[in-house]
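Heads up, the next two complexes both have chain A, just with different partners, chain B and then chain C.
Then we have the complex of A and B:
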């Protein structure tokens, strides 16, 4: 699935594309959740009604995994692996793994409120997807309160 | 307007007065005309200025749009570098791992920077990648030194289909649990487990061509034809002559008289479960030099099964591997035509940083000779403490019971990292 296909399939109505500059709070959360600053100055996201779609990159073992996250009202509606570049661990692309994220939200401590079982041999990739899910949920909440520009 | 005059002929004085009045009117009209022309000129100037200002406004708007596009392009460029990890050249990526071990065992104590590894990968295209792994083992290498510099991976992988890849070059043999995934933060125990080390034998790489991918959701496969093992048939030690671990040629001017093939089927269709079954055929473990010991060749089959489960905080690993080798190998070392090993490893992760494990297993490299007293059984237990998901400190205690009575007990401490 391409990034365009992910966005177009995520909404029934044409979404509005917005940009969020990753300033203090956004980067502080990245440090806390991902363990490092997010490698971008601003993020584009798409929003329509209560839904927002985010496309984020996170390194699993050595290479960035491109992950699409669709959020509706504070919980994850869909996780899609849009590009997987590692030599092993590609099982995370399949719905039997990504489907575990559906309906999960954030707990008070910032962790996911659902259990995500891993895949042996793909520990780092699984961790990357889990963390990106947490970060997207945070960004979605932040987008409701932070000034954004088109 | 000319005033009405009487019907009588005007006098000269009256005509003169009328002429003067007309001149005054003409002067006034001329003045008004001049003023009108001046006002028109001013209006034209203002209109011109307004037109210029309008033109400038349009130009400014275009310039702002150009600037915005340039800023967007600059941000995109910066972000591409950031996403690429700041690599000097886009498409290249670096990684690595390392581990330092302290062993305090019955047969001695030592400290060893066991492995220092660098990964260098390059993405030619989304579906065409190069992967490599260069390792310094035991910290120092050279003539008479204990360590080695080893090229453990250097292959091209082409994703010719969304679910299938072709790879060629030097790659890790797709067998076992730790042969392909052995970064220290991904397994318990300071040292890699002795079963996979001695029986499979991890870490094991060969050169060749192979396919891997998914044949159905949750079902993966590997199939490869590659260089084979080469027993050290002339070694004075019987156990060395038939050691599978010592037979690895490491793709250094390796004999390629007789190739090998490996296939593996993997199921990981349920989160938290991974099951694998693998088979390998070695066409001749002696690479056609067996005639020196009076046989035409020694073929071998390896059967390997492993299972990994993870549910919430609990995990479990199990592995069984068996070499079924032509009986002619017994001329080199009795009973070595069957080499077998297994282990079970439950573990519990108390939180994101602390995990406990136990492992029980055994292996026998001359399993077909019951009188050889060669079976080894080992019980390990210990702890991993992850300072960071990719940085770990380890401690374990091992109790190795050797059938020959030379037990090796003791403890190990280690640190490891990967990135």
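Then we have the complex of A and C:
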């Protein structure tokens, strides 16, 4: 699935593409959730109604995994692996893994409120997707806050 | 007559023992010294310090030719699909580096049809893909009237990465030429001191000659051991 296909399939209506500058709060959360600063100062998301779609990159072991996350009202509606570049751990692309994220949200402590089972031999990739899910939920809440302030 | 022959053998053994001892002494001192250094490699941080690129170049003793793009005295190039600027890793780029251009807000790099925006300090500002409105199938990047333009095999598009708009544009296109990346940049941080000392220790650094030298020293050591045993057994025999 390409990034455009992910975005177009995520919404029934044409979404609006927005940009978010990752500064203090956004980068501090990245440091906390991902363990490092997000490797870009600006990223885009698509929004329509209560839904927002995020495309984020996170390194599993050596290469970045491009992950699409669709969020609706504070919970994950879909996770899609848009580009997997690692030599091992490609099982995370399968729906039996990505489907576990559906309906999960963030707990008070910033962790996911659902259980995500790992995959033997794909520990780092699983961790990357789980962290990106958490980060996307945080960014979605941040975007909602910024929108309500504006 | 018998005694004289024994005495001659003994002198020969002593002589051989002395000569082989002198010959292997240098080698043993070298191996022992590098061995001690390797034993304490972690304390000396030898695994995280690298030999200078200019030495690493001669270490490999083969030529490496990689082309990239030179912008504002900085070399942009790919190694194993990762983008490097001079000696620093930037991010995964992909199989092709389509070109690099500078503009007021930094650099734009064309990576496998996506645009990577770096600020002047080489921080990643944005990674722009067709999902963000970048035209699909881009082949190169250049300038038209000092504005950055990206192009495919049919059209040219003005690249406004601030507004994220890519309108079609006409005009004379100027494209930066690719240049060869200096080898010392490619070799930078390629060989750790630990690896270097280990290769000296094992003789790999000297290639085929190192192997031959190790063989010769091994034969000399055998000879030394045999002559040593001979002398030892002779000295233990009670003299009449």
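Simple rule for what comes next: the second predicted complex is superposed on the first by the 146 of 150 C-alpha atoms of A that agree within 3 Å, B and C clash if a C-alpha of one lies under 4 Å from a C-alpha of the other, contacts with A are read in each partner's own complex, and residues count from 1 in each chain.
Heads up, the rule we're going with is that contacts are C-beta pairs under 8 Å (C-beta built on N, C-alpha and C of every residue); 3 or more make two chains touch, one makes a residue touch a chain.
In this text, all values refer to a predicted model and were calculated from it rather than measured experimentally.
Student: Aligned on chain A, chain B and chain C: do they clash or fit?
Tutor: Partners clash after overlay.
Student: Looking at A:55 after the superposition, I want to know if it touches chain B, chain C, both of them or none. Which is it: first, second, both, neither?
Tutor: A:55 contacts chain C only, not chain B.
Student: Is A:4 contacted by the first partner chain B, the second partner chain C, both or neither?
Tutor: In the superposed model, A:4 contacts chain C only, not chain B.
Student: Would you sort A:36 into first (chain B), second (chain C), both or neither based on which partner it touches?
Tutor: neither
Student: Going by the contact rule set out at the top, does A:85 touch chain B (first), chain C (second), both, or neither?
Tutor: both
Student: Name the contact category of A:44: first (chain B only), second (chain C only), both, or neither.
Tutor: Second partner only, chain C.
Student: Given the touch rule stated above, what does A:64 touch, chain B (first), chain C (second), both, or neither?
Tutor: Both: A:64 reaches chain B and chain C.
Student: Please tell me which partner, chain B or chain C, touches more residues of chain A.
Tutor: Counting residues of chain A touched by each partner, the higher count goes to B.
Student: Check whether A:23 is in contact with chain B, with chain C, with both or with neither, and answer first, second, both or neither.
Tutor: Touch status of A:23: no partner.
Student: Now that the structures are stacked on chain A, which of 76-84, 184-192, 238-246 or 310-318 shows chain B clashing with chain C?
Tutor: 76-84
Student: Under the contact definition given at the top, report the residues of chain A touching chain B in one complex and chain C in the other.
Tutor: Residues 39-42, 57, 63-64, 85, which sit in both footprints.
Student: Per the contact definition, I'd like the list of chain B residues that touch chain A in the complex.
Tutor: Residue list for chain B touching chain A: 75, 78-79, 82-85, 93-95, 119, 121, 123, 126, 129, 131, 157, 177, 180-181, 183, 186, 214, 217-218, 220, 268-272, 274, 308, 310-312, 317, 388-390, 418.
Student: Applying the document's contact rule, which stretches of chain C touch chain A when the two form their complex?
Tutor: Of all residues in chain C, those touching chain A are 81, 91-92, 119, 123-127, 129-133, 164.
Student: Quick one: which bits of chain A touch chain C in the complex? Just the residue numbers, please.
Tutor: Checking each residue of chain A against chain C gives 2-4, 6-7, 17, 19, 39-44, 55, 57, 63-64, 85.
Student: For a test of understanding, state which residues of chain A touch chain B in their complex under the given definition.
Tutor: Touch list, chain A to chain B: 35, 39-42, 57, 59, 61-64, 83, 85, 87-88, 90-91, 94-97, 100, 115-121, 123-124, 127.
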